[in-house]
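Look at the two complexes coming up: subunit A is in both, with subunit B in one and subunit C in the other.
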Partner chain A sequence: MTETISQINENDTSIFSCLHCKLSPISKATGSATFTLNDSLCTCLLNGPGELRQQQDAINRLQVDITFQARPGNNNTNSTSTKDKLIEQWLETLVRSTVLMEYYPRSQINIVMYEEQNLSGEATILACLCNTLCLTMLDANLPMKYAFAAVPIVQHPTKGLLSLPKTKDELASTSYFVFVFEITLNDILATHASGDFDMKILEQAISIAQPIARQIFQFYRQELEKRLT
Partner chain B sequence: MSIDNYEELQKFIDLNEHYRTYLDEHNNTRPDGRKFHENRSIQILKKFLQHSYGSSMIRFGNTTVICSITGQLAKPSLKSLRSGFIQTVVLLPRTQAWSTYGRRQQIINENLTLSQHLLDIIYKSKLINLEDLCIEEGKWVWCLQIDFQCLNNDGNLFDSCLLALNVALHHTYFPTVKIDPDTQKPLVYTKELKHFQYNQQQEPLCCTIAVYEYEQEYKYLIDPTLEEENIAKCILHYVLLKNDQICLIHKTSGAPFSIDKFHQCYSFAREYILELRRKLNQ
Partner chain C sequence: MDIERQIDEFVLPGDTIALSTLPSPLDSSNSITLGPGLHYDKYTNAFTSHGCGHVREPSSLTYYIDGHRLSVSSLTTGDLILGIVVRRQLESLLVDIGYNELASLSLYDFEGSTKRTKPNVDRGDIIYGRLKIDGECQPQITCVNDDGKADGMGVLNENGYLFSIPIDIANDLIHHDNLLQELGNEIPYEIAIGANGRIWIKAAATRTMIALRKVILERAKNKSDINQLKTLFQQSLVS
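So, the complex of A and B:
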């Protein structure tokens, strides 16, 4: 089985057809955003620095409370499944490292994320959630160290490494990578990679993902400019 | 928790500061005496629970984990008539929370994330094939229940749980089940035990690396203790299979990485896991 990197002869406009975004769909919240990545749709809302409950401990920094609500109906119970908890914890580390926590002592922010539609596997929904989170924090004007963007990449058995995969490709793929890049140096902030691969494939995946992350940052800029004009 | 001497008082007030002053005085060693790339002493105990089909106990220094595997008979789901079920549950007792606030939530979070990680690894590395758990297609399958009881949490639960799983699976014996042709009920022969068939080729083992920032550069602490996990900027989990293929890379946010840092951590992970495999095969 030969593995080749799929030729990406994309110009700027073609990746923008996979992304859609709507800022402040929920007017009551401090910040909110809806983001679409291929076939996955997520909404996130943030309630800005407010009062802290008595029992929680936040000595001189911000307390972050994230809740992730998956699409109800897939599992029979109402409570969060373990998979959702894993996603929640991972996103919490992302928020903790991005927001300047020392600016808001003894306060807390509440973030609620809803997965509204997910037709493909795990990579697209994870990336969609990260991007929604970043847009929400930008919409809420929280002071952040950097903006971040997540890129999903899958390893298809015949087509090789594909970025921003379509649903059909993703369901047929064996391994997936989700890289979260930050805007200043385009370094990798967080990763979740699962499957069966080695370091060479990881390197190829990172080199494919970096230019796409830059385009996603450009997309953020465009959306925020639209809002401010 | 005793606060007798100055060192313990400093640890209680600001763990980060304590770590930094220790690294300033002693170069290249951590407060428990290890170098950055050294792991703690590992002790393995096999087959010591009488009621479960397979069991093991692993100690990584002070971290103690017991893995116990049992099975129950179940009807397969209509979606796939030949597959059994696997459930991994990690139980961390409530007394093991390291801070007083938010104790219950923190325990629940840690348990659930670890359970999910382990289940993901079992499926992705094809360690246990669900078809192997089938007794009779469409009628009876095994529901494998894998419990991890963490007796003492001193950091690095992921590695210990995965190693415990490998050791326990190696010595798991299932009773034979035959279907009675008259009543169609399963007959379980508990004395006729046979070795559990699983994919012994893959031996997923994990290496946890805590990244600590000291003097503008990253120090990679392998096999972190609980304190090191708390002060770390970010935590990396590398799960490698027997042929050095990577099964899972999970990196939490905190320290931006470039590609060469991933390579560096991979080489650390490879050496560490090689030593774990040697221990496993003894």
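So, the complex of A and C:
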């Protein structure tokens, strides 16, 4: 396993060719967004904050319900698999950390996330889901403490660490990281990693991912401002 | 991050904004008023945004974030709003007012409505009514006043034309209607302004309605003065 870091020699505008988004594709929902990251596509919709219809715990806070619908593929059942439930819980921690829950007592929001296309591996789809979720909450104008963005990094056997990897590179990679950054100090909010690596590689991956996250926030600004004109 | 955003700039949640520096807390004559979407952190002495939108300063030392979406902070109980009926249930209607939730309008809240004579309203009709909203429950609309009279509220004529404008412009038009009165002196027309950012107009000729819409949208975009808008209206009537 090589330990070289691939230099990001492309100019700033090149990551914008990997990202596309469409805001408010579902007009009846409070907020919705479709986001594309390389070869992965996700749609998310958000309804709320509305009346709390179940007898659930949130008396003085907002009740958050997230449903993740993966692409029905290899598992021919209709129910959510355990891995997808883990993803739901992971995304729920992100929502809980940023949404100002005390502003909406006795209310609930419903978030439904659809994975529409995933031709690469885990890293890209996880990052795509996070970014779609953030864009949806921004589109719905939910009061949040900070916006967040996820960056996938993979460790290729010959090319080293690659950020926003293309499908071919990702499928050939051995380990991957997904880092979620927040906008205020560009600090890490959440991480998911899988594979064989040591702390040095992890730190290198973080340092590659940070500037990419800044560009993703720039992308959010452009797209959201475009929605208004 | 490091960049401080200015007034009228587009911000994301978490951005710091450069508002005027905070005066001493004992000096109450210069206090800053923060509206929805803004937050002051006393540990870092910074103003941060909690919403996504443009920072606006409607009057001196008063700021808020304009999210361009109908939220609970833009509507208050007692506002007159325009809604579109989505469903008719047994004893109530579900009305879309552009908010997160559908509003509920009881079929008995119309003038002269009793158990035997319910009004003839169905899906797709336009309703002008008074809103009752608080953050937590489903919003409610009523089309009668306390004395049981409609006073202009109720189902609007299907030959009118409904369109949307930004919410702050709608509220502005409700309070300062000299433009609308001047246009009324030229050609008679009917107009209903909803505080949820919707306008319904009806005039004898389609050309008048198109010209009216053009003038209102022009005012929303550029805030030109009355005489310029009147000339635009007259030109649109002819061309």
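The definition used in the following text is that the second predicted complex is superposed on the first by the 227 of 229 C-alpha atoms of A that agree within 3 Å, B and C clash if a C-alpha of one lies under 4 Å from a C-alpha of the other, contacts with A are read in each partner's own complex, and residues count from 1 in each chain.
By definition in this document, contacts are C-beta pairs under 8 Å (C-beta built on N, C-alpha and C of every residue); 3 or more make two chains touch, one makes a residue touch a chain.
None of the values given here were measured: they were computed from a predicted structure.
Q: Given the superposition on subunit A, are subunit B and subunit C in a clash or a fit?
A: Overlaying the two structures gives subunit B and subunit C room side by side.
Q: With the two complexes superposed on chain A, say which partner A:90 touches: subunit B (first), subunit C (second), both, or neither.
A: A:90: touches subunit B, not subunit C.
Q: Check the residue A:198 against both partner chains and state whether it touches subunit B (first), subunit C (second), both, or neither.
A: After superposing on A, A:198 lies in contact with subunit B but is clear of subunit C.
Q: A:228 contacts which: subunit B (first), subunit C (second), both, neither?
A: Second partner only.
Q: Who does A:140 touch here: subunit B (first), subunit C (second), both, or neither?
A: In the superposed model, A:140 contacts subunit C only, not subunit B.
Q: Taking CA centres, what is the subunit B/subunit A/subunit C angle in steps of 10 degrees?
A: Computed angle, apex subunit A: 130 degrees.
Q: Would you check which partner chain A:188 touches, where first means subunit B only, second means subunit C only, and both and neither mean what they say?
A: first
Q: Is A:48 in contact with subunit B, with subunit C, with both, or with neither (first, second, both, neither)?
A: The answer is second: A:48 touches subunit C but not subunit B.
Q: Regarding the shared-chain residue A:82, is it in contact with subunit B (first), subunit C (second), both, or neither?
A: Touch partner of A:82: subunit B, not subunit C.
Q: Go through the superposed model and pick first if A:167 touches only subunit B, second if only subunit C, both, or neither.
A: neither
Q: For A:206, decide between first (touching subunit B), second (touching subunit C), both and neither.
A: A:206 contacts subunit B only, not subunit C.
Q: Between subunit B and subunit C, what is the tightest CA to CA spacing in Å in the combined model?
A: 10
Q: Just to be sure I follow: which residues of subunit A are touched by subunit B in one complex and then by subunit C in the other one?
A: 98, 182, 185
Q: Can you list the residues on subunit A that touch subunit B in the complex?
A: Residues in contact with subunit B: 55-57, 82-83, 85-86, 88-90, 93-94, 96-98, 175, 180, 182, 185, 187-199, 202-203, 206-207.
Q: Could you please specify the touching residues of subunit B with respect to subunit A in the complex?
A: That would be residues 99-102, 109, 112-113, 115-117, 119-120, 124-125, 233-234, 241, 244-254, 256-259, 262-263, 266 of subunit B.
Q: Of all residues in subunit A, which touch subunit C in the complex?
A: Those in contact with subunit C are residues 30, 47-52, 98, 100, 104-107, 138, 140-141, 143-147, 182-186, 214, 217, 220-221, 224-225, 228.
Q: Considering the complex alone, what residue numbers of subunit C touch subunit A?
A: Residue positions touching the partner: 1, 10, 12-16, 36-37, 48, 50-54, 67-69, 71, 100-101, 135-138.
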